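The structure follows.
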Amino acid sequence: MSEQFEPVIVGFTCNWCSYRAADTAGTARVKYAPNVRLIRLMCSGRLDPTFVMKALAGGADGVLITGCHPGDCHYIEQNYKALRRFLLLRRTLAGLGVEPGRIKLIWASAAEGLKLAHEINQFVEEVRALGPLNWPKWNDQPAEIDAVKEVA
Amino acid sequence: MSENTPNKPKIGVYTCHCGTNISSMVDVENVRDWAKEHLGSEGVIVSRDYKFMCSSLGQELIEKDIKELGLERVVVAACSPHLHEKTFRGASERAGLNPYLTEMVSIREQVSWVHTDKVVATAKAKSLIAGTVERVAQNAPLEKLKVPINANTLVVGGGISGIQAALEVANAGFHVYLVEREPSIGGHMAQFDKTFPTLDCSACILTPRMVEAGSNPNITLLTWSEVVSVTGFVGAFNVTIKKKARFVNEELCTGCGICWEKCPKSVIDDVYEAGLGYRKAVYTPFAQAVPKYPVIDKPNCTFFQKGTCKACEKFCPTNAIDFNQKDEYLNVEVGNVILATGYDLFDAGRVTNYGYGRLPNVFTSMEFERMCNASGPTGGEITLRDGITKPQTVGIIHCVGSRDKNYNNYCSTICCMQSLKFAHLVKERTGADVYEFYIDMRTAAKSYDEFYQRVLDEGTLFVRGKVAEVTDAARQPHEKGKLIVQVEDTLIGKQRRIPVDMVLLSIGMEPRADAKETGKLFGISCSSDGWFMERHPKLDPISTMTEGIYIAGCATGPKDIPGSVSQGAAAAARVLDKILQKEVELEPIRASVNENKCSGCRICNNLCPFSAISFMPELGITRINPALCQGCGTCVAACPAGAISGTGFSNEQIFAQIDGILMGI
Amino acid sequence: MSPTEVIEQKGAGLRKPEDLTLLHEVSVATAGISNLEMCIQCGSCGGSCPSAADMDHTPRMIFAMLRAGMKDEVLRSNTPWVCVSCYHCVVRCPQKVHIPDVMYALKGMAIDAKLYKDSNAPDFAQSFVDFVENYGRSFEFGLATRHYLKHYPLRLPGMTSMGFGMLTSNRMSITPKRIKKMDQLKAILDKAKTLELTNE
Amino acid sequence: MSNYIFYPGCSMEGSAKAYYDSLNAIKGSLGMNLQEIDDWNCCGATEYVGMNLVPAYSLIARNLALAANQAKGIDTVMAPCSACYLNLEKADYYMAERPTLGEKVNEALAAGGLHYDPGSIQIRHLLDVIINDIGLETVKSKVTNPLKGLRVAPYLGCMVPRPDYQHRWSDFEHPSELDDVLKALGAEVIDFPLKTNCCGGHMTQIGPETAYELIRRLVSSAEENKADIMVTVCPMCQMNLDAYQAETNRYFGTNFHMPIVFFTQLMALAFGKTPKEAGFGMELTSTKDALAQIGKDVPAPAAVKPGKKREGLPMPAPRLRKYAGGKVTSE
């Protein structure tokens, strides 16, 4: 392998669907890119936007948010709230000068191990294409960095 | 052993080899040494590896360290927490450590099984362990929530699986609501003539069970009824059941049958007779129906459609007909639910090359079942569509709609045996020549292959090949007026055209058309094929991800009768186990409001789908009812003041985990 | 090499990875995604095929032979040449194997390997290719005449009524047409021939 | 007016001239405006695609690239020939399904200054356009001369309803579209069991015995179902069943007489055009008896004037040049 950029990706999963999709992928020995590290939440609705900011500020190059398919939420409708927060987060990131493509929301049911693996691979390639995350303006405006870190 | 770092709890890290499942892709010894060296500053005072951490010896290792080294936190890097979290938390508890201070890291499902480069996989395992070590330090001891179990049970679906489940629970002395949407219980089994491989009469073995279910004082039979809403959680579900208007007063009706005798309106019976026979507009599906009360089929009833007739009312000796009856809604409280909602049959018309619907003498398997049945439309005579002519040659096609990416990818499991049974019945009753067209012969259960041997011995002609088409276009004089089955006989590598009089399509099983909606109603999910998904496909095939909801029979996938009965009984046993425990332990993952921080902004108020959040106007703050909270954490994430915290998944825990994961980079 | 020799040489059954290589090779040469490795040997292709009676092996057998690594035998088979491209097999195939496109791929491989000798089919294809590469259009009269002259000279007298009919009914022109930008098409095809398709 | 980019295909100027003529006779009534692709080339039929992939698909894709350039807001390429329709559709579909094929084809197209992005234009068959864009009601409204009493066997052949990547047709095996159009013309449409069976394709050229059997099955089934005439949507089907019917009779010792014409020819008749305008008279299996059912007569074919210099070039001499394509893979 040449000196290819290997992005670090933090993934947030729902305990009921996407975390189990990862289990399903494992049981079926589906291979996917090792760049992603998954963190289990009870629901994608638990995703506090600061988790994403924290991950990106702490060195992750991308953040994957995964939840149950619309209509399939274990808690009835909380994944819609994740969707709303995701859309807001993309705008916030764009405002901070970070490519919105560094965060991605996907739906994966517990049965969709293959799909999850496929989506992970695709996202890794997308973030790889974006290159390492360099927080803009960090060097000249330390106050702003601190503000971001504060939020995180 | 390294010294404890001040202000950090004492943590033990245990890495499992899982035989070679993990160690073949993750350098476990290296991980062990690294954890001790690099995470020592994070509180790790002991790091060990073991061949099988989940074995009793593995667990004892942890218990010993807790007792002897005074561990305050435990991290087990092994398989998915969905498999062994209970195991290791139990070990900690036995050693006197609060179980919620133990966490697992999935380095098998998420690392060794899905990656191919050992160096990279090992690095990922370390990063995940670091995350969990940081997280576990922030864990707080929790106490399990205990809620009482309502001893009543809801069984949805009155097929053989649901009947079995209801009887088992009822016979143990607990109350069951058995809900069935058709006018009678019995399900598909009531339609069959004979059952394989023993060939006992389906009705003869089923009706006693139906009668038992109908007369058991512990069973409330709700036929012609559907569940419309479900709220609550394990131990305390609140279920609303719609009792569709029968237009027959069950208190007065004796089931004498005069009404359907007198009813002038005949309707093609698409359900019970599979479209092959007729019933009246007021009817019970079949003679042995349980309950015995008929229903009036409103869209087909002359009185309801045209305003005159009322023949049934006129002749009813007990004045039981009630045209003014309305749908009723029944509220019941139950502690557990068993879903045995069964299956639909594949629509044979979709395989246009087999000509069903275009060529009259192509029949589906269910049509043939009804034809064979002595109480069916032909009185048990096997004839062509004209109702008279006996076939001299019959072709039976396997796998119609199954094992086919154009339709359903899965094997329906029963069709081979069903087809063999048909071959036997055709031979026995008509002496016709029978061809079986199969891809693979699957007779894998007790006494099944012996039945195949018997059918071979009876002279059935087997052709190995998936039938390409059934046509009436003759090419040769001897094909004229016949149905020609065109197939590659794959054992000789030649295409054959076999003229027959009758074709039987062994159609597969499909999930109920409304399975997805049913799943949503009860909060469970369907697999990509559409069947209800089990908690674990091998080790827990009758539970679901939702506590208190169990599944049985063909609702979970194609099954034969013994399989459906076993699952019904198994689900009942699980429910009885819960009932006898009198209360159920729930994961203590709940949200709560720090009243000092709450500003009363009410942003969280509308977020909870379980109505657990309410505003206290007199105090100007919001409170969360822990009995209703399900622990999703949406409100925690939404609170702008950070006043809501969620146990088990607190901000501190997640932040620490993110830090840990990203520590190495 | 006869098929039995192939099997004896390699031992019975599927040998890895040599045999799979042949399957892979055909898969790569097939347009779209072939799904060839998914074949379950059910025979719905051989059962559907309108010209199966004239094939020395049914399509299903060809797929089994590919798995067994019987390259010579497959490329000598008339099966791909007798395929009439009716697409019945592909819509009925339970595994969605792109059967007609696999047949096209096998024809190309057979021509390259110069293994298929039993019929004039490759020549017909070649004549067609020649016309298209020189004129940009196909040319029925020239094709039919050239083809029949070469392969069925004795039939030509019988066929002339038909050929004459086609001409007198104004349905065959005696001269081919050429497209305007033949140089552009030539450049495209010349470039295309230098490009090898590999697996993704 | 509905606008279409039009890909006629080689046979429309030759063996399927009747198809071309009759289409031209009805397109105005149907409100169809056809813009022929400028300088289109052969689609490769079933022969060129049996060669190497990249040249074959580049040959087809040149047409798609030209069409897309010419489209200017028109979203559909319409092809009346089944083989052309399928080849264009295939190139579009496979270039997307297998991106490496798409890349290589575009690399080749670039040598001619062209480029094609799969999916940028829809490829549809004439029958599909008539049914789904123009509509049966319009067709019915144009009928002045209903084909009462004419028993028609609707014969679609293979390459229109199959493989049908875009799910445009009602069924792979027994689609109803052609029946519906013919019924709209007032004809009596038989339930033709072999309506999507094969006519023999290129086997009339390379293995005639195989083809004769397929022709026999179709023609005998149509006769058995007492059809007066067969109707097709494909030049290859028409050619095989019409021109090779006599050969088939000779081969089997049968005496079939089943005329076969293009569906547009019957549309033209029903719309009040003369048999000559509708392209009758060019078929080898006479339509005389069939047309007599609706009180029409077959015009005499126009005589070919020999020796007249025509547009085009002389035939090349046969050369048995070895195909010089790139290798499929290493041996």
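A, B, C and D label the chains in the order they appear, each numbered from 1.
Just so we're on the same page, a residue touches a chain if its C-beta (ideal position, glycine included) is under 8 Å from a C-beta of that chain, and two chains touch if they have at least 3 such contacts.
Remember, it's a predicted structure, so these values are computed and weren't measured experimentally.
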In terms of touching chains, how many steps apart are chain A and chain B, taking the shortest path?
1
Which pair wins on C-beta contacts, B-C or B-D?
B-C
Reported most central chain by Cα centroids is B
Cα centre of chain B to Cα centre of chain C, whole Å, reads 48
Centre distance in Å when chain A and chain D are each reduced to the mean of their C-alpha atoms
52
Inter-centroid spacing, chain D versus chain C (mean Cα positions, whole Å)
21
Indicate the residues of chain C shared as contacts by at least two other chains.
53, 88, 91-92
What are the residue numbers in chain D that touch two or more other chains?
172-173, 217
Please list each pair of chains that are touching.
A-B, B-C, B-D, C-D
Which residues of chain D touch chain C in their complex?
10-11, 13-18, 39-42, 44-59, 62, 90, 93-94, 97-101, 104-105, 107-114, 158-159, 162-164, 172-173, 196-198, 200-203, 205-211, 213-214, 217, 243-244, 246-247, 250, 281-284, 301-304, 310-316, 318-321, 323-329, 331
What residues on chain C touch chain D, complex-wise?
25, 28-33, 50-51, 53-54, 80-82, 84-88, 90-92, 103-105, 107-109, 111-113, 119-121, 123-132, 134-144, 146-147, 149-150, 152, 158-159, 161-162, 165-181, 184-185, 187-200
Could you please specify the touching residues of chain B with respect to chain C in the complex?
353, 399, 403-406, 439, 464-469, 486-490, 493-495
If we count contacts the way the header does, which residues on chain C are in touch with chain B in the complex?
40-49, 52-53, 57-58, 60-61, 88, 91-92, 94-96
Enumerate the contact residues on chain B facing chain D in the complex.
352-353, 358, 469, 471-475
